Amino acid sequence: MKEKVAALTERIVPNGRAMILAYDQGFEHGPRDFLENPESRKMEYILDIAQKGRFTAVVVHAGLAEKYQSEIQDAKVPLILKLNGKSELYTGDDPYSPQLYSVADALALGATAVGYTVYSASKYEDQMNKEFAAIIREAHNKGIPAIGWMYPRGKSLTDRELASRTIKMALEEREHTNLAIDETYPIVAYGARIGLELGADIVKIKYTGSVESFKWVVQSASPTKVVMSGGPKTKTDEEFLTMVKEIIAAGAVGIAVGRNVWQRKNPLIISEKIRQIIFGS
Amino acid sequence: MKEKVAALTERIVPNGRAMILAYDQGFEHGPRDFLENPESRKMEYILDIAQKGRFTAVVVHAGLAEKYQSEIQDAKVPLILKLNGKSELYTGDDPYSPQLYSVADALALGATAVGYTVYSASKYEDQMNKEFAAIIREAHNKGIPAIGWMYPRGKSLTDRELASRTIKMALEEREHTNLAIDETYPIVAYGARIGLELGADIVKIKYTGSVESFKWVVQSASPTKVVMSGGPKTKTDEEFLTMVKEIIAAGAVGIAVGRNVWQRKNPLIISEKIRQIIFGS
Amino acid sequence: MKEKVAALTERIVPNGRAMILAYDQGFEHGPRDFLENPESRKMEYILDIAQKGRFTAVVVHAGLAEKYQSEIQDAKVPLILKLNGKSELYTGDDPYSPQLYSVADALALGATAVGYTVYSASKYEDQMNKEFAAIIREAHNKGIPAIGWMYPRGKSLTDRELASRTIKMALEEREHTNLAIDETYPIVAYGARIGLELGADIVKIKYTGSVESFKWVVQSASPTKVVMSGGPKTKTDEEFLTMVKEIIAAGAVGIAVGRNVWQRKNPLIISEKIRQIIFGS
Amino acid sequence: MKEKVAALTERIVPNGRAMILAYDQGFEHGPRDFLENPESRKMEYILDIAQKGRFTAVVVHAGLAEKYQSEIQDAKVPLILKLNGKSELYTGDDPYSPQLYSVADALALGATAVGYTVYSASKYEDQMNKEFAAIIREAHNKGIPAIGWMYPRGKSLTDRELASRTIKMALEEREHTNLAIDETYPIVAYGARIGLELGADIVKIKYTGSVESFKWVVQSASPTKVVMSGGPKTKTDEEFLTMVKEIIAAGAVGIAVGRNVWQRKNPLIISEKIRQIIFGS
Amino acid sequence: MKEKVAALTERIVPNGRAMILAYDQGFEHGPRDFLENPESRKMEYILDIAQKGRFTAVVVHAGLAEKYQSEIQDAKVPLILKLNGKSELYTGDDPYSPQLYSVADALALGATAVGYTVYSASKYEDQMNKEFAAIIREAHNKGIPAIGWMYPRGKSLTDRELASRTIKMALEEREHTNLAIDETYPIVAYGARIGLELGADIVKIKYTGSVESFKWVVQSASPTKVVMSGGPKTKTDEEFLTMVKEIIAAGAVGIAVGRNVWQRKNPLIISEKIRQIIFGS
């Protein structure tokens, strides 16, 4: 099955480079993300960008994967099925994103890979590690790659009193930079490493603000491949494209981007620019 | 199985329009809902309304579905089996409505569709998303549609300090209107969209108070179909009928109504008026 | 299987009347209930009353059902196996009575019906509804009736601040009467209705203090049959017998009684008087 | 299977008398129990006492049962496998002793009976009742007896404000005696009765300080057999032997003793004295 | 299967001596452990040390075990698969390290033994005991040894008010020494004994600071084999090597060491010195 996993990973990361279109925001953030460009609420619109922008994969939850199964197949863009999800409506506790679908569901829906978010540092880290570990085992047994959204998050990250050594290092890094705590290299590298330790084929992580620090992150996760998470829309195209250049320089294989593409007026223009940086053509 | 799901959905939403009679209130609110019209405590009475009022479906829990299985069959009104439920007696925490029945139970009881309530924003959102996601997978695998009662509810909705962006938008909307927080469009649209993301065929949601805002809700859920929840009895027939007109204008396929029909002295008169608006005949 | 369930229900409710001997108190209250009449601690003594008093069923937990299986068979009194139970020793929280036995266990022990307690209004209502719903499904699939001990109980019942409409009505009723909150008709009727909604064949509930109010309770549960719970020993025989007369007048099918029989010096005398009221012979 | 359960019970309680050597303290209290007589840390030493002292059974957890399986077999002392266990290291909450092994594990390890501790009155009473009930069902289905360590314990036992009637009686009893709350007859009798109600073949319980009160305990549990728990080492041999005499006088079948045997300098001398009292030879 | 377990144990503990290379720190502490010697972040580097340093086993989580399966096989160093794990990012509660992999996963990945951490004294001790007990049963049924990382940890260890007798002894020991509470002999011996009681073949524990006290620990665990946990890098080689000498003198079979080897500039030099002490050659 290792060869099958490798072959499907190669579909998403052709020639060692990936440019993934993320579209799980309808669940994670809700329709407010579509207000900037109302067309973006439609799966047809997203699929059109994915196809014309030559993205190497598209990420959705099962509802859209099922309702647009034939359209996705026709578009010939590999599907990454996100297996867990949560809304932003409950805010009273550390995050937990429960597994909603199985690897078998993903295969039935025609997925090329499965995705799962782990909020390390959350009070519910244990449940998510457990779920993602089981998903990776099952995915690899069935010959399909597994991708980790590795996002350390939770009250512990800023609790000075109980801070572990990693967190002390992160708090110090934050003081020297203008990064949020979950963008500091000790935290991002740890999340990425957990992806490797659990057996993920690819990890999706935040940028740490510099080529040098991101290089350490990439090395900590290696041989698991690294893609940068696109994040909220930047003020300018340049701002976003600079990040893409830097993470490629640091050894990442590419990005998984949503809002920075489909919230813009002309998603295909920025898609083309991103493609130039990642694939050089 | 997709064709079978579509065919059964068509039974509940003939010609793209739905008029569903809700009768899960004995569980959800208790017998106090029957005091206004004591006859309404009887399933025979409800079935009579459903049949004579030409409702496109009736919603009950398993106890009534089983005890009146042959009467329901005779009435030829499609049955929607509600798979979860809770009383209003426990008030100490955010709501959780546990799954009580399986899709297999629903099929054994002759159901045309299954229903499930998701209280997004509740502390127990994760459990309900998990249960509803599994129900939808199983329902679609067995060729039966799934309907989501999408009702964001819980302390987080009004917690300004921890508010996510969606909640901030909702709190602002509430200030400009006389809507409750769970009737504002950012909240209702989010709940509806989660229905789509999870794969529901139909979502039942609250009215947002205006055609324009409800249009956005319907678009956020599309291609999942939208029915408005009837809610508590309005003071006048007009008040209720106006809402029905507005949600149809906004693109909804119809309503799921209980108290506004069977708490009235003559349920068939209002049923006929509703029918005129929804079906035009 | 419906015919089989009906036939076994008929054994417990012959001619539409039931007189059930409850003996789960050794678990629920402990040996202190046996101090008034020390002989009552013995199953042999209870079986003797059941047989000579011509009770239509006896209720026990699995330990006694198993150890006295042949004696129960010889006595020819139908057995109702109580599937959940709890002691009165833990008092720190709302009640939860966990399922201890399966429907299959009950069948293996020769039971004619299964029983289960639901403490609606408890923080753990969701778990009990879930367990009882599954028990009823399985019982009916295996052709055996299910009886609900429907006892709303918990802190929410008297929490004025968070009170739902049902609870507000109950608090008001309590002010006009000398009833405990869980004896008021809004609460008792709700518990009974949940029994119907879940599919119970018989519900065992508290008396609401008047024929009129209990009539509403019986109607709210109909067509599920209603038996009154005997409760703690009354000061006089008359006091108890009056209640029996009233609940029969209100439409209940009978009673499930323990302490008011076996705590008395001569259990057979009161049994005979109860029989006269319920069966008229 | 009833005959098989009876036959194996007879092996542990020959001629209606039992003298069981308990050796689960390494788990429950830790090595500190072995400091008084360091040889007692060794299973070989314990087995030698069991054999030469003619104990009717020995109690261990699965680790020792497995590592000394052939030695136990050679010693011809029936094995009682303890299926749950906990250390004394976590002290922050009411006790819960989780099931660690199955009845099938016990059979594979050559056990003659299985044992399980229930801390009634604990916040986790529900879980333990559930586990022990299932163990008894499975044990009896597989033809092996089940023994309950019935030890009510937890904060509720001394909570005057929320006290149930049993607890009020126990608090009163404590005032008249020098007993700990979990040694008073209302509490011990309740624990023993739960053993009967769940179907245990034998219960192991604390002494209540007098023949008369223990007689009530034995009667409350009957026909389940009662053995007294040996408890911590008494100051003198006499003190312990007096208790043994009293519980036999009260109707118990014998004792399950550990520290009062193997913490003494010459365990075989006291074993012989105990034997004389219990078996009269 | 006992012979198979013994044979595989012999591979890890040849001639009764063990020298295990631990490499689960990428998960447990994160990449910060690799900063001292950046090469140590690479599995290739670790495997090279394991092979050239003639370690008797290497410990990793499933991600590395899978990605380097053929390299591990080529290196001919027995693999111990760690079945549970946690990061140091969540600090808000007593530790729980959830089971992530099954014994079957370990066999599929070519493991010679499985490992599991039990944090006795944690609020979650019950879950870990349960998981480890089941792992040992399954491992032994499948013919593979099980190794316990026995690390008592949690708030209870220093809670004087609720302290059990073991904890009181530990608190006293701490006052006489410069040991942390989880290094005192009452705590370490208890953890080790739980390993025996659960059936572990080998336990990995902390050093208690003296030959005499560690002898008691080894005796408390016997016949389960004891290896000392290497812990954080000591200031000098001598400091570490002295500990190794002492634990061997106390009867331990060897050590499981990570940072004290691969954080040093020349890991092979200290490996050779350790080998001399443990194997004498």
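Labels A, B, C, D and E are assigned to the chains in the order they are written; within every chain, residues are numbered from 1.
Methods note: a contact is a pair of C-beta atoms (placed from the backbone, for glycine too) under 8 Å apart; a residue touches a chain by one contact, two chains touch by 3 or more.
Because the structure is a prediction, the values reported are computed rather than measured.
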| item | value |
| --- | --- |
| Chain D and chain C - chains in contact with each | none |
| Chain A and chain B: spacing of chain centres that average the CA atoms, whole Å | 34 |
| Chain centre separation in whole Å, for chain D relative to chain B (CA means) | 55 |
| Overall pattern in which the protein chains touch one another (line/ring/star/complete/other) | ring |
| Ring topology as an ordered chain list, initiated at chain D and continued via chain E | D, E, A, B, C |
| Of all residues in chain E, those that touch chain D in their complex | 120-123, 125-127, 129-130, 133-134, 136-137, 140, 152, 154-157, 159, 162-167, 169, 186-187, 189-190, 193-200, 216, 219-220, 222-224 |
| Touching residues (chain side chain C, partner chain D) in the complex | 26-27, 29-32, 34, 38, 41-42, 61-64, 66-67, 85-93, 96-101, 105 |
